[in-house]
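Next up is a structure, given as structure tokens.
The chains carry the letters A, B, C, D and E, assigned in the order they are written, with residues numbered from 1 in each.
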Amino acid sequence: GCSGGQKQQNTSSGGSGGNSGSNVIKIATQTPLSGGSATLGESIKLGAQLALEEQKANFEKLGFKLELVPYDDQGDPKKGVANAQLIGADKQIYGVVGHLNSGVAIPSSEIYEKYSIPMVSPANTATDVTDRGLKTVNRICARDDFQGPAGAKFAVEKLGAKKIFIIQDKTAYGTGLAEAFKKGAEELGAQILGFEGITVGEKDFNGVLNQVLAKKPDLVYFGGLYTEGGLLIKQARDKGITVPIMGGDGLDSSTLVQIAGDAVKNTYMTSTAGLATATDAGRQFAEKYKQKFGKDIESYSAYGYDSMGVLLKGLENAIKANGNKLPTRQQVAEEVRKVQDYQGVATKVSFDEKGDNKYAKIYIYKFEEAKYPAKLEDEVSKQ
Amino acid sequence: MSILTVKNLTKQFGGLVANSNINMEVQKGSITAVIGPNGAGKTTFFNMVTGVYQPTSGEILLNNESIVGLKPHQVTKKGIARTFQNIRLFGAITVLENVMIGMHNHLHGGLFSTILNLPRVRKEEKEARKEAYRLLEYVGLESFFNEEARNLPYGAQRKLEIARALATKPKVLLLDEPAAGMNPKETSELTKLIYNMRAELDLTIVLIEHDMKLVMEISEHIVVLDHGEKIAEGTPDEIRNNEKVIEAYLGKGAATTAS
Amino acid sequence: MSLLRLEDINTFYGGIHALKGISLEVNEGEIVTLIGSNGAGKSTTLKTISGQVKPKSGKILYNGQDITNTPPHVTALSGIAHVPEGRRIFPRLTVKENLEMGAFSVKDKKVIAERMERVFHYFPRIKERLQQKGGTMSGGEQQMLAIGRALMMQPKLLMLDEPSMGLAPIIVEQIFEIIRELNEEGMTILLVEQNAFQALQIAHRGYVIQTGEIVMSGLGQELLVNEQVREAYLA
Amino acid sequence: MINEVLHTLPQVLIDGLTLGAVYAIVALGYTMVYGILELINFAHGEIFMTGAFVGTAILLTFAGVGWMASMPAVVALILVLIITSVVTGLLGMGIERVAYRPLRNAPKLITLITAIGISFLLQDIVRFIAELKKGNYILTGPSLFSGQIGIKASSVWSGFNDASVKSSFFIVIVVAVIMMVTLDFFINKTKWGMAMRAVAQDRETAALMTVNVNKVIALTFFIGSALGGATGVLFAIQYGTIDPYIGFILGLKAFTAAVLGGIGNIRGAMFGGVLLGVLEMFAAANLPVISNGILGAEYKDVFAFAILIIVLIFKPEGLFGKVSVEKV
Amino acid sequence: MKNWLSTIQQNKRLQAIIIGLYIVVTFLSLYLAQKSVVAFLLLLSSLLLLYFTTFSNRVKWLIGGFVLVVLLPFAASQGEAYQSYMEVATLVGIYIAMALGLNIVVGLAGLLDLGFVAFFALGAYTYGIFATSQANNFMPFGQYPLSGESFWVFIFIGCLVAALFGVLLGIPVLRVKGDYLAIVTLGFGEIIRIIFNNLDKPVNITNGAMGLASVQPPRLFGIDFMYPSQFYYIVLVILIAVIFAVRRLEFSKIGRAWKAVRENEIAAQAMGIHLVRTKLMAFAVGASFSGMMGVVFAAKQTFVDPTSFTLLESITILVMVILGGMGSVPGVILGAALVTILNLQVLTELTNWLNQLSLNGVINVPDALSPAKMQRFIFGIILIFFALYRPQGLLPAKNPAFDEDELKNTEGNLVNTSVQKEATQHVHLDR
């Protein structure tokens, strides 16, 4: 209740005594809460918040008080690293859910590793996130070198695309995904007509689209986020580019439909996130979420929720293994990595030795009408 | 001996001929005045000599060496310094530093020796400060040395311009209306200062001035410009009585007050 | 009757006490001159009157009205023109536009044209250069333009700050002639001059200002022959 | 290679012109304020953004109460433009009052700080409101003038491909041209315009000429910000989607355009804006072709900035800027 | 109140007692508190207090150095938040050095530069490329990554590379002035960033948008530098060198030339100052500080990518300079420290606190106004407030006041010795 809260204010505001809160365990989220991709960043935070609140009572029984500390990384690596230092320094923090952007996750996780704070990422798909072999870094979503080729396979084999034009947003994520897609498509014998970049934050992509127009591809692939993606789709359709457009998990947001409107039709996307509402658990989750926050879920809401779930599972295991006493971060990190067959609302989770989720899948959607979520076309799993 | 020689100097601004075929010689160690109606082209003449404007045509020789085409800072290095008609001090900087900036080319501290704070640089700086102070004393501004230049009264600013120009150690000093904005008393002090500078500092002085009392009192040679052309030249007495000059410039009344 | 009256004006620039209790008076139809050496506070006095700087204490009455704290454009509207020190021509407006700015408050185009003609009459050089940018005129030409611009206002009270500065002797003569003429036509004039000799010759009355204080006042002719004045300013 | 470039040229020009027109009017706002105060009003981009939101909000309201159906689109547009201009104009005046006027006699650059502060505030306030009302700060307005018009460029010359334009293109161009011409006339030919220029050059002396300096500056901000707001509306109509962060990049580009044309110069801003828009579009469409695939579209800004720098090296006062010789 | 202040001002012993007490108290509170931002900030601000004392410069440096080298790290190391304090302190140091560099360009030489972060990027990439395997992609010889020992050399290489580009950028400066210059520099900054973002084709030099990960940590005597507390000392050493350099330049022939160019170019030329050379030197010296810190940044971050070098970053550095007081070294230091601490620590802590309140239901805010999103908003308000309150900057630039007695002892008279003879000759005559 309230009095406990009072105590916490002291510690977190930098007041004097911190000892009184020794039964407090904090979990941080670090995602962009302001700036261009705040919608997604916030959806992760809210999902995580929901999971944490549900588990509060459970941990209360174990004698611990759970608390959420959301950090805003602003999508900026520098900010992310500085926050990571703060997180590392706050001894009550036992885990991090985040980030949204791989470009932020990579440097920040180096810090988490130093402090042995386990991180569970709901959204970072770049290969480097786990390929550096850090013990604390885990993700429950798929990797770009899985997502890209999966998309490519679908595009070439199912959609029959032979000539493909690739556009990407020149961010760590966009480039990484687009490269992976390109490699996959080339291996399947498709011809890449162009590999062009746009600038995040701009609104007029007619220049690149004129190239597309001139090259006449039979599929356009976009590596980037929904803000630019939505406009790109709209402007492409305005220009009379009617061929299918395909993108990755960055497009997976209701805002894409808002932006592109009817133009979104005939757009495909690969996503690491399954249709949350496909299962009962998912539908329940969506309802709770809506009720609590007054918003519809986004693609990563459930992943935020599940990331927190996995993290708390590991925490719980660590506490138990430690005889119901406060474990060390190291112990928690080890337990998180050990989690097997955790059933979340969006995905099942088992980490491999790198911290990648064995059950991570790629879902392929098609927008047949201007409606979110889109229609599920296909599901690709790793094995 | 002529230290500064100008041959057929012409400057056009679009259609306007600001200086047209000016010829003149300035004798070493002399005080020469350039006078003429407003807009006659006097300041333009100075601007060409100091490299601020490029002449349209003509030649400027300092000690028989052409200085046309040199940049202003190169001209300064050659030994010509000037003051400006509309004062151009370094306003937010102290009076003493203004003078020290004038010594720029005579100080040798480079980037690294300065950063390393070598004794040589320290010593040089100290000397420069002292010398700047002496120059201020020389023009009578020592009491202002720590003030910002822009807070000085107008007349003091004019003198500071002179001190700053002296700090470049010039051979030829060009003064553009040094007495503007001074009352007769101050003007007569200035007259003395100019006179002394020439004698004590081995200078050649060329000055533009509308104060005929000053001009007639100290100049040995006067050149009169009108509409960009040289209309007369000679000693003060000759100029005073030159009909053309009286008509174009002096006016009847002034001709008498100036005598 | 006094057109302008300063009562115990104190003006500061930051910590510098520039005017220390100045009181003076300008009667309608007079030429009054203010003389004093560099930094005495002459320009500051004019600036205080026109509202460019605010006095810390004291009162300025114009036509019986208190204008101590009116902003400069309002003061100007009430008929006080100030030709500032250093000319302050609008450098990138043409000569013609500079003149038109002088008549900013005048709506009638005819009146503007008439006044302009009169300026041309006084300063023919200006007429030759109507399309030149103000900033490229020579020093003296700018001075003429500045006076011409003030005349475009047809003010009741004309305040001139060192109008003869930088002008050729022949023009200086003309300027003083013009001042006298304007005065004869009924314009009241407050003249700040370094050229004390000529200023006192045409002035009805004069004030001598020294380090922010009025140290002497009297008729122009009186001051002209006063020993102290002669010594300090007319040497 | 040349052929390839020529094929797409008509479309590239049209797209470039649209973007350029937007840059141009935003650049006008910068130029106006700069012309008067020699102050780069860094908050101008955010005023533009606010205009886009205000305009979209009004349109959505119209649509909500069903007026859109009963009113011709042009009327709606004019109404929105007027209301938005007034709102952002007043906003601009307010900003001047609070953030710039108190600093008028302070060092010039300090206003950069308040401007940045104001930018952050505006971004967040708009975001708050949008999020509070819509739950999402990315806003998509009702589409007006979204019809496509085909242009048979191939009938002019067979090397051209046909092009197509959105009908809003014409709206943007027409409104932009009207604004520019009016403004140019106002600044250069009217008394108040002259007063603005005089204030720009010497505030103290302008006051001595009976000019109410505060009023002139406020007026300048009003006009500049009204233009910015109106452009925001045009932008929202042309591109459909807006967010609180559109002001930054666009403001930056527009400012660049103003400088390219010669900052402080109305015609320069217009020309600079259009030129920058066309250059950018051209680069994005053709760089890979021209450079044989070495440089991609992502180098378009490098291309634009490089041209800017080259122009400034040869004409340091911008394309239309007058060499301001300082009389020595 | 005034009286009181002036008594303190006159009495050095009193000052010593006050500052001593202050340092002891804040030291103890930081030492004893587990995690106290307030105590940390208070201890840091003892330096500001020190600045206002009337001790000699040497004494100030000694005390300041002691606080920074010994007291602060030691006190902080007792608490849990040790590394996060040191992280903030390290970043503060990095930004101070950059702001001091920009101050030379903007504050002293009066050249508005909106692309300053480019030099920082150059430094960071210079190290980043060679301290990862990246360089293998295009370097025909050598084995990469270079070991962490090379870091120390790279500090100088970064400095040189940045200075070189400073000169390159300077070349357009020959002609362009004022706000035109601002836009040219802005363009330069953007060009550099975009190029770094795209130089993964045709040859992969920078790894483009993916950035360079796992940059080698610096190594000295076999010890790897990994923690902020270690970088703190690297930064401190460089920073002190930078401050010394800046201080000396400011009051030298070179510094005066910069100021002269800023005040009036035409008059500066008339004094014999080579405009181009003077401006280029300002750019080069300013840039070199950034270059050095770029190298440190890359090593500390272990990751370099183009998003760290955006225009907003350049503007932030400019804000530090202007806010602190253009041309004023103490001011710029304060400005940089303030903005960095505000951004990285105070605002984060503040919003975290507000967030706790709202999560615990103490205050109730709609989601749109969630405190976590309010950092920029608060930052904006603070900026406006500062600007309106201290328009000349927090510690405005002061001109050096010279000592009249020192200047006065004229032995020879002007005419015979000094004016005629070169200053150097004079030096020989003197002693």
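Going forward, a residue touches a chain if its C-beta (ideal position, glycine included) is under 8 Å from a C-beta of that chain, and two chains touch if they have at least 3 such contacts.
By chain, UniProt protein names: B, C = Branched-chain amino acid transport system ATP-binding protein; D, E = Branched-chain amino acid transport system permease protein.
Not measured: the values here are computed from a predicted model.
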>> Applying the touch definition from the top, give me the chains sitting in contact with each of subunit C and subunit D.
In response: B
> Looking at A-E and B-C, which one has the bigger number of contacting C-beta pairs?
Replying inline: A-E
> Could you state the distance in Å from the CA-based centre of subunit A to that of subunit C?
Replying inline: 74
>> Counting only Cα atoms for the centres, state how far subunit B is from subunit C in Å.
In response: 29
>> Nearest whole angstrom, what separates the Cα centre of subunit A from the Cα centre of subunit D?
In response: 36
> Roughly how far is subunit B from subunit E, going centre to centre by Cα mean, in whole Å?
Replying inline: 43
> Which residues of subunit E are in contact with two or more other chains?
Replying inline: 197-198, 266, 367, 373, 376
>> Can you pull out the residues of subunit A that are in contact with at least two other chains?
In response: 34, 38, 170, 197, 294-295
>> Give me the residue numbers in subunit B that touch at least two other chains, ranges are fine.
In response: 43, 52, 84, 86
>> Dump the list of chain pairs that touch, please.
In response: A-D, A-E, B-C, B-D, B-E, C-D, D-E
> Which subunit E residues qualify as touching subunit D in the complex?
Replying inline: 106, 112, 172, 175-177, 179-180, 182-184, 186-188, 190-191, 194-195, 197-198, 201-202, 266, 311, 315, 318-319, 322-323, 326, 366-369, 373-374, 376-377, 379-384, 386-388, 391-393
> Mind pulling up the subunit C residues that touch subunit B in the complex?
Replying inline: 13, 16, 35-39, 85-86, 125, 136-141, 143-144, 162, 165-174, 194-197, 231-235
> Once bound in the complex, which stretches of subunit E touch subunit B?
Replying inline: 244-245, 248-249, 251-254, 256-257, 259-260, 263-264, 266-275, 281, 285, 399-402, 404, 406-410, 413-415, 418-420, 422-424, 426-427, 430
> What residues on subunit A touch subunit E, complex-wise?
Replying inline: 2, 4-6, 8-9, 11-19, 33-34, 38, 45, 67-72, 74-79, 81-83, 85-86, 88-91, 103, 106-107, 110, 114-115, 126, 128, 132, 170-172, 174-176, 197, 293-295
> In the complex of these two chains, what residues of subunit C are touching subunit D?
Replying inline: 50-52, 71-73, 76-77, 81-82, 84, 88, 90-93, 97, 100-102, 104-105, 135-137, 149, 153
